[in-house]
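Going by the order they are written in, the chains are A, B, C and D; count residues from 1 in each one.
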Amino acid sequence: MKNKEMTVAQVIKQIKNGDTIVIGGWGMVRKPLALIREIAKSDLKDLTVMGLAGMDLDMLVAAGKVKKAITGFVAFEGSEGRAVAYDEARKNGKIEYMELSENMIISGWKAAAERIPFYPTRSGLGTDILKYNPDIKTFKAPYTGEKLVAMPALRADVALIHCNEASPEGYATIKGDKLWDHIIIRAADKVFVSAEKIVPRHELQKDLKDIKVLTPWVTGVVEIPNGARPGTIFPDYTQPGNRTIKAYMDAALDPAKFKAYLEKY
Amino acid sequence: MKNKEMTVAQVIKQIKNGDTIVIGGWGMVRKPLALIREIAKSDLKDLTVMGLAGMDLDMLVAAGKVKKAITGFVAFEGSEGRAVAYDEARKNGKIEYMELSENMIISGWKAAAERIPFYPTRSGLGTDILKYNPDIKTFKAPYTGEKLVAMPALRADVALIHCNEASPEGYATIKGDKLWDHIIIRAADKVFVSAEKIVPRHELQKDLKDIKVLTPWVTGVVEIPNGARPGTIFPDYTQPGNRTIKAYMDAALDPAKFKAYLEKY
Amino acid sequence: MAKETKAATKTKAAVKTTSKKSPEKSSTVELAGDYTVEEQLCCAMAREFGPNDNIALSGVLNWTFVAEALAQKMYGAQLALHHDYSLVGGAGCLTENPRFPFQVGNPPPEYVSAPITSEDIFAMVLGGKWCIMMQPVQVDKYGNCNLALVGNPEKPERYFVGSRGLPDNSTNAVRCYFTVPNHQKRVFVEDVDFRSSAGWGPERKAGDIPYGAVAKVFTNLCVFDIDPKTKQMRLASVNKGVTVDQVLKNTGFKPIIPAGGVPETAVPTKEELRLIREVIDGAGINRLDHGTPEAKKAVFDQINDGTKFQQIYPGRK
Amino acid sequence: MAKETKAATKTKAAVKTTSKKSPEKSSTVELAGDYTVEEQLCCAMAREFGPNDNIALSGVLNWTFVAEALAQKMYGAQLALHHDYSLVGGAGCLTENPRFPFQVGNPPPEYVSAPITSEDIFAMVLGGKWCIMMQPVQVDKYGNCNLALVGNPEKPERYFVGSRGLPDNSTNAVRCYFTVPNHQKRVFVEDVDFRSSAGWGPERKAGDIPYGAVAKVFTNLCVFDIDPKTKQMRLASVNKGVTVDQVLKNTGFKPIIPAGGVPETAVPTKEELRLIREVIDGAGINRLDHGTPEAKKAVFDQINDGTKFQQIYPGRK
């Protein structure tokens, strides 16, 4: 089998200007924040960023990398932080956005994962999500004629997720909630996994039931200890780095301070 | 919490003539065959039986209980047996049938589990499944206009599954492949779980990650040691009872012999 | 047993109560004479669930935790309660017979029945096995709720967190309950700035949304339900010591007032109060959602003082 | 090293071979002089996969097991191989560098990378990360396959097992390969009795089925592919020692014959043969699918004789 180990620089190099990037995790939980900081420091631009978003999206907005955000929510869930950059960008109309519900974005990923153009759901009916996203159609369902939302497939060029351990061959464990990472890796053309630790295949096997990421979905794996900080990953570290998050919030809206923040962390 | 423990007789009593029953497992793997034998012995009739079928369906056909079979396959997979009664019934036009593919029946269950009227899929396109099931429609997908199969939701009145251990409150573990049992329990109005063993809630917790059945889906649990024999359940018993299966095959097409078989096993 | 705090003013029980499942209809049930508004609300919320509710129930406020545990205990309900289990199990969990408090993310294992993933949760939402009690940013007279933002959605004054699971629950769940610990005009508005949940708008009236309708809204002042005729928010009952006028003054829309007058919110029974005070919530977390700072401090002191805590829950760490 | 059996007749290597990725194009590659038809087929099948095939590959015959392992080993492929793991892990698994034989359901743990569930498998089928090599009951000239039944579908002469995953793979998988160890007229028919897989019928020709097309059919006599112009089965090559006439006599439809003549199926290289014989399949399971009873017995004897087995795989139980 091919060895899929990569360096951080090799991963970043595989991302192109204008790419759509889907990011795993949830709020401040199991976000590949080390990789995100590298994107923030890079020359990349005009990205479309999708996710159940927290500091990942907010930091990319602060860095001016985001052309469009596609979200189920934007919250520093599981910490004391707040999405200051996204809030500011939305107030001032600086970015394009597609604000969905949790199940709508998940449904879009599920459709992409099965390579079907849409997913039928009731989620969103009767809400202003449809009003502000006129591209999302409703349709009459076959057989019953019920009105349903046809949630369009949300496919990405690149998926980034963070796991506990990975093997060089491209298997990885998720010991807590897999959240929707098992879906988004199927909804992207290239998938990069950062892991707290790269271990030989046979060591990964001690947690057989935690192997949630299978190699056919994976393009590359990169070892980044503490790669989800200042967010959390169970069981490695489960308390958010609220001091670092506060430092980020204090810096995010000031380019000079934000640069200093990125250099420090 | 309510205690959901039941006797076998109480479970059988909850099934009505004409009910649609979906059965968990796969071929000869983790089929609730003890419950199936009780249905075979009962006065129930005109059942529609759904599943990735093996001896479960075949035995109910042999017992004359089946009005219609809805299947992804019919095979004594994982044993030396063969579906003699189903073969005979099909040859002689004795039952109604809806013979699908694996993913088509699964898609029908997925739709039912999410209470949507259909599931969009490419499975079945270009095959004779659509020719012999004219009720299954194709449609033009929103956005792309692609032709897809609109697999109708396959909802059941009753789901029967077999698990390793269950708690009186209605949680249950599946230690091997959960197969599609986590979907079919969501696609049925009443769900009965037979388990090798009923254990107190806190004992179930030693296998936290194997708890695949959650109490909101469950109507009743019943302890039946060896409840999947002559099929298998990992890790309790993983070798099929080929002698018993042969005895079944020898008896299935002869009412007197079949009665004797049911009395013996 | 929990001490009453200053925030919890005591009054005599009113006789007239509302609730489909009012336990006081039984001749053997004794009504409580002495109870707080928080306790009254916990009981009113708990009575929304019956023994046939074979579902998982998810709340976000301390109030709702206590109400859910009371429903599970009192009515022999098949309710499974949803809590965060992220620090211990890395996911959510379903709990049974919890006793409060516990740190968010960390319920003691003896209460935990099974860890559940996000995928399990949405399976229950979409399959009609899920019920929420949650706190919105705005509620309007059609029962629409907003969780997303304040102001013009295209250039909001403030972006909160987005609509999250509200569009999903309000179209798929068994039913939705909303709780507002601080009833004010800026929460109860004529029209929400953004419809995060599907209330009784034209789509539901047209029959397009068969599931997830808002059933009731519980506030520190009153209980709203939906008027069957107009499908608008109706003032179902006022909490003890609260007048109808007080509710109207703090509500930005005109709720439907029942022709026969507005009754008082259901009065707790002695057994309900015993369960809350002695079994479920000895530490009094039900007073944390809208009490005064002093009242909250009293609760926290009780929790953080090891000796007092051991008196409430002997043996628990 | 495996002994040749009687069933495996030896001939000299033909010079002309087919295969997009023929290793013999490299000047340093040595062709084998001495090989069996089974080995030839294993190599031809293996060459269907390249280093960019980041997929899982699932076979059902011993032939295909060996071919898959050879592809994984030889071409540095990112292929993950699918095996049954039900006796050890209760599910399927993805394996790496397997050495045969092992009991079905029970691959030695050192070959196993991860257990996979049915749900994982269908995720890979629907997501375009899955490729099958399987044995049908009938194949017709449009590449349609039948796995369901024989005779009139409404009153069949015999019901087999149903269409299983064929309708799913032939519309969703990366591509499909079929293998027929016993090439006969009753397998290769003008029209299959039941289209379990979507071959090149009107639906695929119309562009309605973008995925899962049949790529090749490997038999004990020959290799078929699909003629780009007519979209019908074409006789791509004949196995060593087999004539075109022999194929036609055993085929119930008239395959397309390439204008330039039918070449011989690709000749193995020495390195391929070394890997098969010394590394992957020392026991010779590739001879189990269509060998004579005596040939099969020779293989089983070798596997079941502890001493011989230890010579093949020192240290394995």
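The rule is simple: a residue touches a chain if its C-beta (ideal position, glycine included) is under 8 Å from a C-beta of that chain, and two chains touch if they have at least 3 such contacts.
These numbers come from a predicted model, not from an experiment.
J.: Spelling it out: a chain qualifies if it touches subunit B and also touches subunit D; which chains qualify?
T.: Per touch definition, common to subunit B and subunit D: A.
J.: Between chain pairs A-D and A-C, which one is joined by a greater number of C-beta pairs in contact?
T.: When A-C is set beside A-D, the one with more contacts is A-C.
J.: List the centre-to-centre spacing of subunit A and subunit D in whole Å, with centres computed as mean CA coordinates.
T.: 39
J.: Mind checking the centre-to-centre distance between subunit A and subunit B? Centres are C-alpha means, answer in whole Å.
T.: 37
J.: How far is the middle of subunit A from the middle of subunit C, if each middle is the mean of its Cα atoms, in Å?
T.: Measuring from centre to centre gives 32 Å for this pair.
J.: Provide the C-alpha centroid distance between subunit C and subunit D, rounded to the nearest whole angstrom.
T.: Averaging C-alpha atoms per chain gives centres 61 Å apart.
J.: Subunit D: which residues touch two or more other chains?
T.: Touching at least two other chains: 89, 126, 172, 211.
J.: Give the residues of subunit B touching no fewer than two other chains, as numbers and ranges.
T.: If we look for residues of subunit B contacting two or more partner chains, we find 114, 121-122, 146, 209.
J.: Which label fits the chain touch graph of this model best, line, ring, star, complete or other?
T.: Graph shape, chains as nodes and touching pairs as edges: none of the named types, so other.
J.: Following the definition at the start, I'd like every touching pair of chains, please.
T.: A-B, A-C, A-D, B-C, B-D
J.: How about subunit B: which of its residues touch subunit C in the complex?
T.: Residues of subunit B touching subunit C: 1-2, 4, 113-115, 167, 169-171, 182, 186, 201-202, 204-205, 208-209, 211, 214-219.
J.: Which residues of subunit D touch subunit B in the complex?
T.: 86-87, 89-92, 105, 117-119, 122, 125-126, 148-149, 153-159, 161-168, 170-172, 194-199, 201, 203-204, 208-209, 211
J.: Any idea which subunit C residues touch subunit B in the complex?
T.: Residues in contact with subunit B: 51, 54-56, 72, 76-80, 89, 94, 96-97, 109-110, 112-116, 120, 123-124, 126-130, 172, 211.
J.: Using the touch definition from the top, list the residues of subunit B that touch subunit A in their complex.
T.: Within the complex, subunit B contacts subunit A at residues 114, 116-122, 137, 139, 141-144, 146, 148, 150, 152, 209-210.
J.: Could you list, by residue number, the parts of subunit B that touch subunit D in their complex?
T.: 26, 29, 71-75, 78, 83, 86-87, 90-93, 99-104, 106, 121-129, 131-132, 146-147, 175-180, 232, 234-235, 238
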